[in-house]
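Report on one structure; see the data block that follows.
First chain written, first letter: the chains are A, B, C and D, and each begins at residue 1.
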Amino acid sequence: MEIEIISFGQITEFINNQKIEVDGITDTDAFKQYLEDRFPALKGLKYKLALNKNIVQQNTEITNQATIAIMPPFSGG
Amino acid sequence: MEIEIISFGQITEFINNQKIEVDGITDTDAFKQYLEDRFPALKGLKYKLALNKNIVQQNTEITNQATIAIMPPFSGG
Amino acid sequence: MSEKKIKNIFVKGPIEPAFIADSIAKHSSKTAIGGHSIFMGQVRKDEIDGKFVAAIEYTAYEEIALDKMHQIREDIFEKYPLHCMHIYHSLGTVKTGEICLFVFTSSAHRKPAIAACDEVVDRLKAELPIWGKEIFEDKTHQWKENS
Amino acid sequence: MSEKKIKNIFVKGPIEPAFIADSIAKHSSKTAIGGHSIFMGQVRKDEIDGKFVAAIEYTAYEEIALDKMHQIREDIFEKYPLHCMHIYHSLGTVKTGEICLFVFTSSAHRKPAIAACDEVVDRLKAELPIWGKEIFEDKTHQWKENS
């Protein structure tokens, strides 16, 4: 299935916004594993995902055409 | 001895600024008694005195030429 | 901060928004500041027995008020790591909707600025000999009491 | 306050003192207000390894940020008896000494305005997906982290 990845903050320095074709990934936990394998720099970071503009609080199902944002710790204000 | 009285807030409505000549009043407790006898309207109020620009916290000696301010509860801000 | 230099805090009439803007703008050169906290008191159009407050007329025992404010300032600078603190209070007539009190504290991080501002307002209201006379629309009045 | 009307909070570049003054002045017609609390964040010229911060460049995941801010706003209006609340955060470049955050709360009495302002700032920093990139004078950078 197709997933759109968007990244923010320091994560933009090693993950570009992109559409990817993945198979066998059905939830956000599996997607995190996929991301950390593909972008090892993520492992040292505390980051959060947002699935279709909702911040992921617990493992959530991913469907085709999802947009997933990868967000490092917030530093507004 | 001579004492200068100055008043503030609602107390200005019944005690004018004035110099008075009194005898036998040697401290602020006695002065309060004197004031309340002369201006009974003071009795219902919570007021503080300031002796020579210092707020009176406890009974304090009064000397000749003192300035005593009579201050109702503060309401700044 | 400990030299006995008594600052004036009193302003004749209301404190104007432009004055506050000026005060804020002056801090742009103080680049160690990260957080500013401001409190402003505004005169409310309270209704009392069917009559509305039109203005408050402030008077103060200025010498004692400035001396007390100086002590409070010293205490607050002692207690919190502040970069600066500015305090202005109106004297004379301030109409409803106008600003009568402006407290402005700044620090490197936000918490001390906020805590100091709050504490200054509390102490100022409790300790400064200032009196507000609420003038109603029909020119009668009553003396304000801080709750 | 409960209709789902998402307000924008983002401002391009710094928040100007004149904008803040305008915002204050607009409240003079709201005569039920007695106290205003303001917090402003200012970009600090921090020194890190001998280099000085010259500016912070802010980016945000705007849709989520505005949605979160809406929730926070609802929570705060639920919790405190406020008359109004205004929040502005910069996006893009804000130089040292300039203002990047402006939170403004008003209520009849002072305590709710002050408590609400404090809580909004805390929640905004923790919950809004906004990122600050500290740009040093030599054009290198590091990503800001809220402590």
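Note that in this section a residue touches a chain if its C-beta (ideal position, glycine included) is under 8 Å from a C-beta of that chain, and two chains touch if they have at least 3 such contacts.
Keep in mind it's a predicted model, so treat the numbers as computed, not measured.
S.K.: List the centre-to-centre spacing of subunit C and subunit D in whole Å, with centres computed as mean CA coordinates.
M.R.: Taking the mean C-alpha position of each chain, the two centres sit 23 Å apart.
S.K.: How big is the gap, in whole Å, between where the Cα atoms of subunit A centre and where those of subunit D centre?
M.R.: The computed centroid separation for subunit A versus subunit D comes out at 27 Å.
S.K.: Between subunit A and subunit C, what's the gap in Å when you average each chain's C-alpha atoms?
M.R.: 49
S.K.: Using the average of all C-alpha atoms in each chain as its centre, how far is it in Å between subunit A and subunit B?
M.R.: 74
S.K.: Taking each residue of subunit B in turn, which ones touch at least two of the other chains?
M.R.: 77
S.K.: Which positions in subunit C touch two or more other chains at once?
M.R.: 41, 110, 121
S.K.: Just say which it is for the chain contacts: an open line, a closed ring, a star, complete, or other.
M.R.: Topology of the interface graph: linear, an open chain of contacts.
S.K.: Just spell out which pairs of chains touch, all of them.
M.R.: Inter-chain contacts occur between A-D, B-C, C-D.
S.K.: Any idea which subunit B residues touch subunit C in the complex?
M.R.: 8-10, 50, 53-55, 69, 71-77
S.K.: Subunit C touches which residues of subunit D in the complex?
M.R.: It is residues 17-18, 20-22, 24-25, 27-45, 96-99, 106, 108-110, 113-114, 117-118, 121, 147 of subunit D that touch subunit C.
S.K.: Over in the complex, which subunit C residues touch subunit B? Could you list them?
M.R.: Of all residues in subunit C, those touching subunit B are 41, 58-61, 63-65, 67, 89, 100-101, 121, 124-133, 143-146.
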